[in-house]
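This is the structure I have questions about; it appears just below.
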Amino acid sequence: MGLNEATRAPGGAAQEPFAPDLSVRIGPLVLANPVGVASGTFGYGEEYAALLDLDTLGALYTKAVTVEPRAGNPAPRLAETPSGLLNSIGLANPGLEAFIRDKLPALRARRCAALVNVAGATVDDYVRVVEGIEAAGGVDGYELNVSCPNVKSGGMAFGTDPALVALVTESVRRATKRTLVVKLSPNVTDIRETARAAEGAGADAVSAINTLVGMAIDVKARRPRLAMKTGGLSGPAVKPVGVAAVYRISRAVKIPVIGLGGIMTAEDALEYLLAGADAVQVGTATFADPGAAFHVLEGIEAWMREHRVARVSDIKGLLEG
Amino acid sequence: MVRIDTELLSNRRVAEGYFELRFRWPAAAGAPVPGQFLTVRAREGSDPLLRRPFAFASHDGTRDEATIVIQERGSATRALATLEAGAKLDLLGPLGHGFAFPERGTEPVLVAGGIGVGPMLFLRAALDAAGVSSRFVLGARTAALVPEALLPRGAGVEVRTDDGSLGAKGTAADAVTALLPEARAALYACGPAPLMAALDRIAAERGWPYQAAVEEWMACGVGACMGCAVPLKGGGFLRACADGPVLDGSLVKWD
Amino acid sequence: MGLNEATRAPGGAAQEPFAPDLSVRIGPLVLANPVGVASGTFGYGEEYAALLDLDTLGALYTKAVTVEPRAGNPAPRLAETPSGLLNSIGLANPGLEAFIRDKLPALRARRCAALVNVAGATVDDYVRVVEGIEAAGGVDGYELNVSCPNVKSGGMAFGTDPALVALVTESVRRATKRTLVVKLSPNVTDIRETARAAEGAGADAVSAINTLVGMAIDVKARRPRLAMKTGGLSGPAVKPVGVAAVYRISRAVKIPVIGLGGIMTAEDALEYLLAGADAVQVGTATFADPGAAFHVLEGIEAWMREHRVARVSDIKGLLEG
Amino acid sequence: MVRIDTELLSNRRVAEGYFELRFRWPAAAGAPVPGQFLTVRAREGSDPLLRRPFAFASHDGTRDEATIVIQERGSATRALATLEAGAKLDLLGPLGHGFAFPERGTEPVLVAGGIGVGPMLFLRAALDAAGVSSRFVLGARTAALVPEALLPRGAGVEVRTDDGSLGAKGTAADAVTALLPEARAALYACGPAPLMAALDRIAAERGWPYQAAVEEWMACGVGACMGCAVPLKGGGFLRACADGPVLDGSLVKWD
């Protein structure tokens, strides 16, 4: 007999207010609710502070942090496509040292969980970032961005090779006991293989999807819209790809799956939760509506109330067919 | 900086493909300064997906009103151009850093290229209100693209068109070049990159300060996404939205 | 000195009417122009006859033909997503015998080129379809849909394994001297590998992209929108993925590349041509605007006139940066 | 079958969330018969992407006008509901196969469930015009969803609502069950699957012919894409758009 039953009035007719439990456990970390903001779309939590109270959310996934400061890619870095956004920001970030000095204290003081998105060009880079932050007191968790080109394998992304995903995951795993999420690239033949590799190497969860490789051309100027030519596609356009990925991954691994890609509304988030996600992230939608993540959270809660669903993790069991 | 749903008060065509949108801007939203911008969500749904940035072209704090001047280019501006008074507007602003007033003893020269006119109109009005006289130069391709009804009244207003159909033939940069080199001008500009680059060269030669309002594709508009990178001559980038849009024009790599 | 120069008036001022050459060579076949209609979106050319004169176009790529008749997948088979369409038609087709009897004669009588899209569950299936049609007199060419699950490798699609792509291509190559196009799947880590495999095995061209794997969930009904759960994503949403694929493929192989995925307008088609395509196909757009392919053709021609581009194959050289 | 850009003549709300759109339908486009449908492109651009199918609800060949009755559900119908007279409509039709007239000696019984009302109104009008009398049953959830202004005049018109707020309480199928089993009825229906399935059982029991207008998601609407598959009891599929939308209801697997 779940909470569901327990709160039903004896006669079964008049229903008492029903309070769903929104918390979600990811590794050692308990998120207050399943909604986070995606890496690269919310900075380090400061810029949108006036517009959205982060502490109402479950988690902040920071912009990537690398060992050295990075200025990022040449401009232009953005191009809009039908229902989508191409970006080639290029991991612009202040680097580990400045991050620890300027950003970490505020992150550690947050009431919502803070997970630092980690990027690198070698396995050692990832380890150094995590070790550095751990030495500085740590944060709630880490999200490994394995979509970065690996210098040792000629620029092929870590995330496209299960063996490399396993290697980077297990190396970082040794550096921290905190929640470790591996963020999977959709630019692979079978995303279940990289998900299993992450699970086998000790990840507490996987998140999916990072951006799809895409390109747009300015026909008038006869040149690629992005200075880097290709970039990463995000936004509603990729939602079906993300939902399919989460559906497949969640049937291939036992660890939690964090779903993202094109979530604009609570209904979009519920697609991911029904498909098998344990939590979600809102990325590009924040650019259209700074309050998007909060509206998503409100809507999930309302839906759980309406359907008297006790826990977020129960939602995936409701998918029929 | 606030996100508000506000009301369009009027929408009028001011030149070929140019529209002035006047809307309610409550005091609680914060008073914009010249050079600052807002972003607007042209439609619900995902086409267009991103908010679009536009510079404030005026602000009337006593009537709680403000304006932007837009040029029809693509889907968002097309949608905005057809809105009628009473329509709801989803706005976010004021964003970014505006222009600083000129130092004493320098004469502000405001240069607008094409649709760069909005923020320069606002700056002119602010200088006027502060009793600082200024020159105002507008460059356009042709007369049809000059929003005559919006042009500042008073002295020192000049129009240049590429085809000579209004004002003298030539570019706005030509008008600036024609100023006495000995003048102690302070350049302010917003316009296409070639104009901005030309003004940079003039300013460098003559040792004039140069405040430039830049344009870049934007996603967040608040400094979070690093999308609106403006390349600098010395390497590295500034964010158009949060570090700008008004930047020291001598630092920017205009190429 | 190209046509470009030759048609310029001596003084250089008054320009004479400029007539670009729209024809495109793909293997032994010369298409009258670069615009075709994509497989599965135009049937066998009959259904849209009242709305669009196919003979104004460069090519018709038919709905897939398999050895046996196939009723297709359970319903629903369609779901709209942001700027996209998910389908799980499931290769519904009358089968080789009925195709030859009922459809082939009309296809052979067409003035526009007709390429038969071929699908199968084994390499032998592909060969049998092509041999069957060749024995019945042949058509202008074949397009191999290698996105089908291969029964011998546990349902993994042919198109996800370069070795399998090579095998099916070379087997069919032995069965026909006519134009042979291999249609690549975007659901791979590196599409250049399958493109090179097709080229090495004797394909005259590759076409890209087929649909992306996607899924949509009806939150109200709490079930996948498609009866088959996942399906193939097409439409404007995937255009950036298609353009990136064509850009990469065209720099990896020497054979022509036929670009498709989300082309709605001439500008979209020009993105593909600038990215490196030699020809294009219009698919999902036809559903929104039955005249889409024709408008795309008109627009390409107008653009070539305006920019005084002599040949379609010259367009790719105009990409800067 | 033609694709035409035509003009909306009027748009009126006929029930909660229901709208009747009257538009110019020139003779050259071909006269639609009851049960046939058209597809409309609600907006340029890609959101919504596909054309949407709607059944003809009337056609007036002398005035070159036709109507559809739509229910607001999602983005396309929301956009259509707000169109005003004079708006341009991008239409494609008439599509599919319509209803066949009843055999002599049978009494047509027209059953509309919810928004299935459009094609049944058209059929009723066509039967009236041919001097064939018919019964007309409309089932709706509640009175607010009954487009009373559109209901046929004359005898044999019955409304059932789930909550009894208009007409007798019950479903349209109940009304059909209440007919004498000995009657020689010919069933015609358009509505939600449970209604269509219930009518199938009644028709099978009583040996009545049953012409059913089906609904399925459509992409092309012309028979080319195989997207609108309607599963059959005996296995296999028919295309709602090209083989239907009017099918022999006894063949369809209503599940």
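Brief remarks follow.
By written order: A, B, C and D. Residues from 1 in each chain.
One rule holds for everything that comes next: contacts are C-beta pairs under 8 Å (C-beta built on N, C-alpha and C of every residue); 3 or more make two chains touch, one makes a residue touch a chain.
All values derive from a computational prediction rather than experimental measurement.
The chains touching chain A as well as chain D are B, C.
If you take chain B and chain C together, the chains in touch with both are A, D. Between the Cα centres of chain A and chain C there is a gap of 35 Å.
The centroid of the Cα atoms in chain B and the matching centroid in chain D are 54 Å apart.
Taken residue by residue, chain C touches two or more other chains at 82-84, 235-237, whereas all remaining positions touch fewer. Multi-chain contact residues of chain D (touching two or more other chains) are listed as 45-47. Taken as a contact graph, with one node per protein chain and an edge wherever two chains touch, the assembly is complete, since every chain touches every other chain.
Remark: chain D residues 1-3, 41, 46-51, 92, 216-231, 235-237, 242 touch chain C in the complex. Residues 46-47 of chain B touch chain C in their complex. Those residues of chain A that touch chain C in the shared complex are 81-84, 86, 160, 187-190, 212-217, 219, 221-224, 227, 229-230, 233, 235-241, 243-244, 247, 262, 267, 270-271, 274-275, 303, 318-321.
Per the touch definition, chain A reaches chain B in the complex via residues 40-43, 47-48, 50-51, 63, 71-80, 82-85, 87, 89, 92, 235-237, 264, 284, 286-291. The part of chain C that touches chain B in the complex is made up of residues 82-83.
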